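Scroll down for the structure; my scribbles are underneath it.
For reference, chains read A, B, C and D in written order, and residue numbers begin at 1 within each chain.
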Amino acid sequence: MTTVENQTALEAFYADVAAAELQPLWTQEGLMPPNPAVAPKAVPHLWRWSTLRPLAERAGELITIDRGGDRRVLSFANPGLGGAPFASPTLWGAVQYLNGGEHAPGHRHTPGAIRFVLEGDGVYTTVNGDACDMHPGDLVLTPSWNWHDHNSATDTPMIWFDGLDMPTVIALDAVFFEPYPIEELQPVEGEHNRSARAYGGAGLLPDGPARAAGTAHSPLLVYRRADTDRALTALLAASSLPMVSVEYVNPVTGKPALPTMGCHMARLVPGGRTVATRHVGSEIWVVHSGTGETVIGGTRFRWGPGDAFVVPSWVPVEHEAHEPADLFRVDDAPVMRALELYREQTLDAPQDVTAEFAAGQAVS
Amino acid sequence: MTTVENQTALEAFYADVAAAELQPLWTQEGLMPPNPAVAPKAVPHLWRWSTLRPLAERAGELITIDRGGDRRVLSFANPGLGGAPFASPTLWGAVQYLNGGEHAPGHRHTPGAIRFVLEGDGVYTTVNGDACDMHPGDLVLTPSWNWHDHNSATDTPMIWFDGLDMPTVIALDAVFFEPYPIEELQPVEGEHNRSARAYGGAGLLPDGPARAAGTAHSPLLVYRRADTDRALTALLAASSLPMVSVEYVNPVTGKPALPTMGCHMARLVPGGRTVATRHVGSEIWVVHSGTGETVIGGTRFRWGPGDAFVVPSWVPVEHEAHEPADLFRVDDAPVMRALELYREQTLDAPQDVTAEFAAGQAVS
Amino acid sequence: MTTVENQTALEAFYADVAAAELQPLWTQEGLMPPNPAVAPKAVPHLWRWSTLRPLAERAGELITIDRGGDRRVLSFANPGLGGAPFASPTLWGAVQYLNGGEHAPGHRHTPGAIRFVLEGDGVYTTVNGDACDMHPGDLVLTPSWNWHDHNSATDTPMIWFDGLDMPTVIALDAVFFEPYPIEELQPVEGEHNRSARAYGGAGLLPDGPARAAGTAHSPLLVYRRADTDRALTALLAASSLPMVSVEYVNPVTGKPALPTMGCHMARLVPGGRTVATRHVGSEIWVVHSGTGETVIGGTRFRWGPGDAFVVPSWVPVEHEAHEPADLFRVDDAPVMRALELYREQTLDAPQDVTAEFAAGQAVS
Amino acid sequence: MTTVENQTALEAFYADVAAAELQPLWTQEGLMPPNPAVAPKAVPHLWRWSTLRPLAERAGELITIDRGGDRRVLSFANPGLGGAPFASPTLWGAVQYLNGGEHAPGHRHTPGAIRFVLEGDGVYTTVNGDACDMHPGDLVLTPSWNWHDHNSATDTPMIWFDGLDMPTVIALDAVFFEPYPIEELQPVEGEHNRSARAYGGAGLLPDGPARAAGTAHSPLLVYRRADTDRALTALLAASSLPMVSVEYVNPVTGKPALPTMGCHMARLVPGGRTVATRHVGSEIWVVHSGTGETVIGGTRFRWGPGDAFVVPSWVPVEHEAHEPADLFRVDDAPVMRALELYREQTLDAPQDVTAEFAAGQAVS
């Protein structure tokens, strides 16, 4: 609260301040709210597979992939973000659709990306010359500034989830983008899935130049569904909690697979609800299998395979499975931790469920 | 470039996409430009001391500091940022003015701040109970989530530069803010400048609990002008370059004083221009003493004591002193490095100077 | 070279020095030789499987395992170490023999140990409650200060190689030892091979307390032969060198499995010799399969399955396979690197082979 | 305990084992004692200044420094170490004496060294070209493999304490030694004390190549007595304990000044005794000023200026000042911590003082 003695002088002052490309701090409302959930720029939201899939299919019929247009992608636009094509202030989420025989041309960009396969088979993503085969439930990394293109070697379409740190990299004014030079596709070096073979043993790292190269991101570019399944089975056997999860990491450092995004796979079992917690940073969850519900900020979101939902920063969340369920999650926790902004809180009691998320009707 | 076979189907498709809170990637222009300087969201700009000082003084006459209004601050609003009160997409810059005998009340926030003293004396900033005396050329840290208030123990006003990572923390949806409870001012624990005494020896760290506490940010909260002067003198003596600089670091780790902002003091000597370079991330420079010029993206900015200018991401920059000059700099390099987004480039040739910055006339 | 003016005074002086528990530096020869290979305290040596196996078998007949005697172990005594039971100044190497149905009782010690299985099956080593099954070619860790016992659940004997950092820990005066209290065997918690299940996926780490526990050593306690085989096959396919190798690491950090010992598995293929190199620190190699030769300091050592040889510090070494061969190696490189003592050198030319190692005749 | 059925077979067996360069584990007593203090290889001991100084002086008269003989050093020979010239299993301690006008010629070695000045002035130690002036109470580093020589630029003698990690580096078989080529003395580059000027500001690091060089050890090579004095005064003012201390660290990392040795300066004030503790690893304490006593393993050691005493691994220790006292300490804690061997324990009660250290009578 400020007091003013002379209104005329004040108006002249404000005019001079503005002319000088300055702004008074004391006239700015809400610059620093008590916490991120008070004046949220993003809302909890769920995109249904029953909506996403037909729309992606229609895009596959209507939109061709040419040089320049690059990718057939429908991005999640959080209703709270004023029309921006972002799932949260820090994360891009989308579905990408590739028809049989198509090729999404090569390019690279400083935003890093992950691909989590939802449906179909027969596509490989080439990352700096390493062709990574994609199957449902697999995770493929296309790290910052790595050349990448997507190629269908079959005649049926494929859909996957794209997660990018693009909103973060845009906010930090650090975006670089480059189309692949001359040829449309990178040459594939050697057999497919080189990284998976070189880094395919738990606790085993190659000696010599292969390891010494030392990339910031994970040199392991593809993580197989069978491996997360096996790891989750083992964790669940040793746990009495309703949820266990694994993180996809850089095997050379044990750190998150990408410096800007955390990737996890969680397994939920019926018979309990996770403790209500909230934390700084946002998350996109993608249902791989099973059904259940998640309460986010008092609203219940029921979900099934292929559905995706976003949990904004500092909004309470609880999960419960109706049948055994595996959910993939991408989050911005590595950013929050690197910048010492991470905090989390366990709530004293479960949330009251005061609303039911009813959007996302299937389109005709 | 995408081609469309059926305009009607396409329109229906786009309507359904929008209704589903989705957005096509292929209709979005400029989401990922080739580099940050192609479609800059911030422009090079300079705020003149001859403008800043009288405006701050008028604010001192017109605006009182009361609970709620908190701070008498004029923030740098980069003309390229559409009215946002930010010097760059990642950095807040401002001048703060405190009249003799005034107290700016206590609060804490997750954005971290640094204070670089421009003029005056007799103020101390209390940071979590440690009263840090402020003199011209000193740097004081008020790290993330540390209680802090500013107190004048004299009868003359004081002006300092404020640098904050606030735009970054807002973009990441990680702002927390809390006013100091009950009392207006924190109690000062012990004598003033405790941190400076405990961590005041180069290469000496306290043993035991004092060090073990292990804060993310620097436990040394105030850095004296005499120390940077001495260090720069030593570096210059051993250098043949037109510029040398030191970084203010956390003495316990050698890392940047704050996880989100780098602080440096540079000394320029006449007789040469620094090599033209550009790098990812933005910087605010504040002239402590001396005169010279800086060419940013082809525009020449002449500067003298108290002037402040901003260098946006990936815009070329060269510095040249007209007389020996010391410049303080705050930047976002720790963020870029932590997220593996940092890159820099030395240009082959000096920039052509194609414009002269002429704004910033003194106000009446 | 020191000169002395007065012999009588000097003698009195030396007597007084000795009486004061002091020693003149200048009278000590060879305290600091030019390099570790000039005055080696260890020599290259090979222990033949044709010797080791029958002796271990005889020990199995003659020696019983009782409380106190603890382990049926024959340790490698490097002929250059004056009777010390150490393979090198830093490493303990040995063969351990367990008859069917036997139990080697529980204890723990600060020296860390690794077990590489040579022959037999049906034994499990319980490490802090986790029963790790052992098969030929597997590596099992019993890290510093972890309770461990070995148990045969079959009726046939088993032999494995033991590698310990014991000489290092003794030299550093840091040995602690404790027999398991009361009961002879630790209870096994849950199913066998818990760690292998929890950390069994390459690039996958458990979330939550399981990982947060954060041990210094690897939480993965057993590494399977099939995994090293697969990784080496992949590396070899991408290499044109006569040798490739993998390191067994802590999957949570990517660092060596133990802080004091590095473990590697190398694959050699006929048709070439590795480049001659030398490095600071010693190594014990154990042949898993195949045949070949290694030239160490000019002496040729021919080897086959089960043979073990030691390479002392800074002695040149070259390997060559006669048929495809897999060799396990344990070394002290993590110590040398942690203390900044590591250095390595590639020699300009292959060594002249000036001797043939002829020891190790089979015992009757 | 092992039982034997057949004595003859056993004897034959043992003979064959020995012939095969093997040793049975079960016949080796005391290989792994319960803890380092049970079968100590080093004993607590004190070397008196009243002994050291006259002996050093006599050495100064009797022994000349020539090429080859290199250094006039009297090393502390721990009575428990069987004649080895080591103060503890891991540490070398000694006094070095340089007459006015003398030069101790240049060399380098992988063991790292520290010099703590006891008496005299006018000597500088040149470390890789940087001449470091030495005054009483200063610490000078001559890190691993750095060229160094000692030079008297005055006409009076000087004595300092030498601390080296030599026993550790010898035990690890990692010693390299090289005399300085051709000339006896390195050229001094620029003014004296370059490192102290470049790194002389607390929390300030040079930008650019100076810092990027990135040595393992501290680039700050000399630490001044005035700085430790000031830091200890500040710590004591904020403490109610009988002892405070500071560590000499690498200002670029905050880690110990050398990777193998920790250096500390402690200040003790009368009126209390430190809590009895013990920890893994050994220490040499050197009294800079003041008097007091230290109880080590139940024996009381009274000390005054210039005295030096050793605390072996895992032996309880308590300190008490009779008048305000500053004590320098060098220890092996960085080694123990790097190899995860460090542990410490606070004892429940003060030790019973059962003996008085009475050795170290002044020599005639």
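In the analysis below, a residue touches a chain if its C-beta (ideal position, glycine included) is under 8 Å from a C-beta of that chain, and two chains touch if they have at least 3 such contacts.
None of these values were measured; they are calculated from a predicted model.
Colleague: Please state, in steps, how far chain C lies from chain B along the shortest route of touching chains.
Modeller: 2
Colleague: Which chains, if any, touch chain C and chain D both?
Modeller: Both-contact set = empty.
Colleague: Rounded to a whole Å, what is the gap between the Cα centroids of chain A and chain C?
Modeller: It comes to 44 Å between the two C-alpha centres.
Colleague: Which whole number of Å gives the spacing of the CA centres of chain A and chain B?
Modeller: 30
Colleague: Rounded to a whole Å, what is the gap between the Cα centroids of chain A and chain D?
Modeller: 53
Colleague: Check each residue of chain B and list the ones that touch at least two other chains.
Modeller: As it turns out, chain B has no residue touching two or more other chains.
Colleague: If two chains touch, include that pair; go through all of them.
Modeller: A-B, A-C, B-D, C-D
Colleague: Quick check: in the complex, which residue numbers of chain C touch chain D?
Modeller: Going through chain C, the ones touching chain D are 1-6, 9-10, 13, 16-17, 19-26, 28, 31-36, 40-42, 45, 47, 51-52, 55, 58-59, 61-79, 85, 88-90, 94, 109-111, 144, 166-178, 216-217, 259-260, 280-282, 312-314, 332, 335-336, 338-341, 343, 359-360, 363.
Colleague: Which stretch or stretches of chain D touch chain B in the complex?
Modeller: 190-191, 194, 197-208, 210-211, 218, 220, 223, 227-228, 230-231, 233-235, 237-238, 244-254, 257, 264
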